[in-house]
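The structure appears right after this line, and notes come after that.
Order of writing sets the chain letters: A, B, C and D. Residues in each chain are counted from 1.
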Amino acid sequence: MHESTHHHAETFKSKVEEAIGVTVSHCYQCGKCTAGCPLNEEMDIMPNQLLRILQAEMPGYEEKILSSLSIWLCLACDTCYSRCPQEVLLSKVMDYLRQESLRQNKVNPKAKDILSFHKAFLNSVKMNGKLHEVGLTIDYKLRSLNLMQDVMLAPSMAAKGKLAIFPHQVQNTKEIAKIFKKITDSEGGKQ
Amino acid sequence: MARIGVFICHCGENISATVDVAKVAEKAGKLSGVAFSVDYKYMCSDPGQTLIIEAIKEHKLTGIVVAACSPRMHEGTFRKAAEKAGINPYFCEMANIREHVSWVHPKSDATTQKALDIVRTMVAKVKKNAALFPIKVPVTKTALVIGGGIAGIQAALDIANAGHQVIMVEKKPSIGGHMSQLSETFPTLDCSQCIMTPRMVEVAQHPNITLHTYAEVESVSGFVGNFDVKIKMKAKSVDYKKCTGCGACWQKCPSKKIPDEFNEGMGFRTAIYSPFPQAVPNKPVIDRPNCTYFTKGGKCGLCKKVCPADAINYDAVDEFIDVKVGAIITATGFDLKHADFFPEYGYGKFKDVIDGMQFERLASASGPTAGEIRRPSDGKVPEKIVFVACAGSRDKAKGIEYCSKICCMYTAKHAMLYKHKNHEGKAYVFYMDIRAAGKDYDEFVRRAIEEDEVQYIRGRVSRIYEKNGKLIVKGVDTLMNGEPVDIEADMVVLATAVVANIEAESLAQKLHISYNKHKFFAEAHPKLKPVETNTAGIMLAGACQSAKDIPESVSQASASASKAIGLFSSNELTREPIVAVVNRQAPPNFTSCTGCLLCQEVCPYHAIETEDIKDRGGNLIKRAARVNAGLCQGCGTCVAMCRNKSIDLQGFSNDQMLSEVMALLNA
Amino acid sequence: MRIGYYPGCSLEGSSKEYNDSLFAVAEKCGVTLEVIKDWSCCGASAAHNLNHDLALALPARTLALAEKQGLEDIVVPCAACYSRIAGTKNEISNNIAVKAKIEGYIDLKLTADVKILTVFEFLQKYIFPTVDQHIVNKLNQKAACYYGCLYTRPKEIAAVEQIENPMEMDEVMAKAGATPIDWAFKTECCGAGLSVSRTDIVAKLSGKIIEDAADRGAESIVVACPMCHMNLDMRRPEIKKQLKKDINIPVLFITQALGLSMGIPADKLGLNKHYVPTDKVVNCIVKMEA
Amino acid sequence: MDFEPKIVAFVCNWCTYAGADLAGTSRTKYATNVSIIRFPCTGRIDFMLLMKAFENGADGIIVSGCHPNDCHYTSGNFHARRRWIVFRSLLDFMGFDTDRITFSWVSAAEGTKWAGLVDETTEKIREKGPFTEFKKLDYSILEKIENDVVTE
């Protein structure tokens, strides 16, 4: 028996599909994901429409998606996936698009703070192996320049004994740094 | 000693232009067992056939090979000729040297050689042929109709009107099925009861129809024309010969709080009941698990006291009757997907989230609200009502990928009925696609949108929750850039998926018919045999095969009735003898069959039975396979399965096939 | 059975009371928890936002350490950590290639067969068998159990049976003598990872949750996640601005609630550390008759 | 002279045989190397017959029937396929060149496909040359093993 194999030209869509094992055409655009998404009111492109844009592959679609704010707002709450009739793992698509947006330097300006927070968070983990909330706060403030924002309610938290001024560390912080380095290296130094 | 005749046809020049027919005839004449060989211009012409007949007689031929066109073209012609000449028609084989040789190859030695190879192959086969005789089976001209919905009713009436006997088996106390529950029907909005009731009465009164309600098929054996069916008559506790249907019993019965199935749980009935006022027969049964007499050890007994006809019989037991029928029509209909299936829609949790059938009852003049659309929780007339299409259908995640086909239409109908009764009210329909592909169907949906101002919103609802007496419906409008749409509704109607009857699988196993993964019965061919099943003599009607509306159910019912009537048009059935047989040997072995029954597992037609082989003293010697020739269709799958070659296919036997292979390869 | 414990970063910092109350309850029932030695951060939302491999490698390291330590069950009290660790376990066990890659990054071998328990699973499995003898108080109040998204989704790793209407925490609260209420926002998202960077969104989402609980007469909201707690408790000023009304329902960790019913003093359970005062809860405790 | 392979085609009556008829009525030309043996259904094809064909000098074999859901007998072709999968792995295991057997689906409407199948198979087998290795194989163990194969 001979079974033919199909070959497609590599496109941004096929890259997304391959990277995360989701088939974009499974989505039949019912919109149930969007209807239940807690962030729908804040998003610039609705979740179902992100998929539609990927499906249609009209000129410039990659840019449009990678520079959208929605991909940064998505909380990976999986409300969409848990109700999607076609079992499209939208949060995974969002994950991938975010990472790609970062790699390609297309992050929506409005997502700057969100990105700063994630970076500061990881930085704290990289240095201590654990999150140090005070350190994170300082780092985030520097990155986002939101100096006035009372991000972690530090004063009241400290008063309630909830903030550790010095970080807890894993015994071997080098080990964690090594994991970060290996992963960064394997991706050609980009992060 | 075989004496084979070989007849090479020129087909005008169709064959002779590329194949050296004279040479083929000459060489064929030299093959072992060949007593006569000749070529001729048109074998199928009258002179050609005469030539064959004469040759058979003259040369005392025991078999013939006609090397000509495809057997699919003229095998019948030449078999008849052989028969005329006095030999069994199955001693005739064709060698296809036209479609498979002369038309596809250029004139060459290789082409002539291939023609000769094929002739040699068929000569080898025919030498192994055996006389076969058409199988004749008698036909019992009575049909069994299982299920008394609109499909079963239509089929029964058609067959009965053609003059044949019909036995109808309905598991509920009344016939009528889902259609008797409907309010008005699309696309004309005529009253369902008005068109249904006369047909139900006709069934009850038809001299050719025997109706068994509150009954089920227990077992089926036999084959086309000759089925033996055991029917279980569940104990009704009421003697229908005496009962007049006066109703005194159910008016007095004190067990009044039993959810009423006919009204989809939106009302109550008594323990002794007739399901609805127009029921046929309009006589009651006692629902024993809910009757005080049966649950409390003989207490109550009121119905017996009040019955003027002394019809109540608490001691009645389930009874079984055996009937013989020639054809079976399965019309057991469908179910709707029920609670627990839509946790995100709160179905089963919020009283005012209902399904389509419940809406039918609310809209029905004979329903619990006398046709006024009021919500179940507090009886208020809803000001805003939301219909959710595709609730569970086309939903891979919920295991139902298919479209339920009828719900687009009944949802439009529901929205319309609501608007007709509540002009000020607002009706919304959340939908994905509108599937209204019947005669006057799309026009019907357009009317709902254009004239009755039903709001159609393209998008699926994510969630429904209750807040301050309202149902919050979280939807989306995908035609407006995916804008979220939240509606505060008073009532929500889910067009829940049409699913197979809950007992479909067990019935299919009793009948030996196939079903698909969703348990809908399978037709023999999706296009060309859409009402027949794989088992000859068993037909399908209505929604038991797939979701269907009334016009489709009725058409299919009439089609299956015509198949039954066709079957009954002669006294016996003739079938080709190309069937499997289990070999027979002399005692003490009787047969080489070991009774492993591998063949039984693979037979697509359930044609293989077991046979107990006994000695003269009646002691069991062995259990072996036996082919029911009435069921066998001659595919031969069993033959390839049998490890010790104990089962063989007449016309394509192991011996014949092996001879063909050897002859083809050994010039 | 040796029960492992993965506190996660928050329980060492901003949600110390969750940690303390969990230990207090366990101790009362004679159950010991072994902290996974040298555990590190799971990466939470940040890692999977920025780098998929990192999002797997960090939890995988912890899993590997737990295995090395010979633990079979591990309790993960934070929903985010639970989601990351259970998700990683799921992905690693279903994909050998991914497993090999991640093992390479962390320089450790994995079988990924430790069982990961949420706090309510832990309570049901290890505390319930003996808890009745320790329960001395009845939490005489209506409690809204809030599960959020990370325990209920995606379905492959959900820690609850019915993802649209989970009941596991409700069962724990019923044990504690409270009346769990049926409400609409049990599993809606609180905004989780956007707490710091988009407080406005968190206030909006968390506001809806608190409002629904209040509308249905809840006297407390019970959570099993430090992030949910932070959003529902500490973000109350922003929520107040958003809702334009002040809702004072306290937010308790489930271990604190159960601890109260077991007669553990409020300060030992860290109830004083909350932003919204918890006296209302403490005050409605009824002593059970002996 | 070039090597001309002998190929036997085991086909079902309803689909592939009719497809080959259609190639004829459409006068589609193809190689003369393939001769057909007609079976009611691919389900009827006993794989020992294939072995017999090789034993008697066939260089290649085609097995062809109805497409998966089109079987005249609903499921005969599925059984054939299931048996074939097990059987092929067995042949592979024995070092048998399973490429000499082509399994295909040709419907009654696919005359052109049939012609193409014949030409491709002929070409393939021509390249492979005469099937002399078969004689070296002790295929008799197959006969024994086949009993177990069918029970799979």
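Definition applied: a residue touches a chain if its C-beta (ideal position, glycine included) is under 8 Å from a C-beta of that chain, and two chains touch if they have at least 3 such contacts.
Just so it is clear, the model here is predicted, and its values are computed rather than measured.
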*In terms of Cα-based centroids, which chain occupies the most central position?*
B
_Pair sharing more residue contacts (C-beta pairs) when A-C is set against A-B_ = A-C
*Distance between chain centroids, defined by C-alpha means - chain A, chain C (Å)*: 23
*Report the inter-chain centroid distance for chain B and chain C in whole angstrom, where each centroid is the mean of the CA atoms.*
54
*Would you mind listing the residues of chain B that make contact with two or more other chains?*
344, 463
*Listing for chain A: what residues touch at least two other chains?*
79
*asked:* With touch defined as at the start, can you tell me which chain D residues reach chain B in the complex?
replied: 4, 6, 8, 17-18, 20-21, 23-25, 27-30, 32, 35-41, 43-47, 49, 52-53, 56-58, 72-76, 79-80, 83, 115, 146-147, 150-151
*Going by the contact rule at the top, pick out the chain B residues touching chain D in the complex.*
70-72, 96, 98-101, 103-106, 108, 110-111, 113-114, 117-118, 121, 514, 524, 534, 578, 598, 602, 604-605, 633-637, 639-641, 643, 649, 651-652, 654, 657-658, 660-662, 664-666
_Residues of chain B touching chain A in the complex_ = 344, 394-398, 432, 458-463, 474-478, 481-485
*Spell out the residues on chain C that touch chain B in their complex, using ranges where they run on.*
162-165, 184, 212, 215
*Which chain B residues qualify as touching chain C in the complex?*
343-344, 349, 463, 465-468, 472
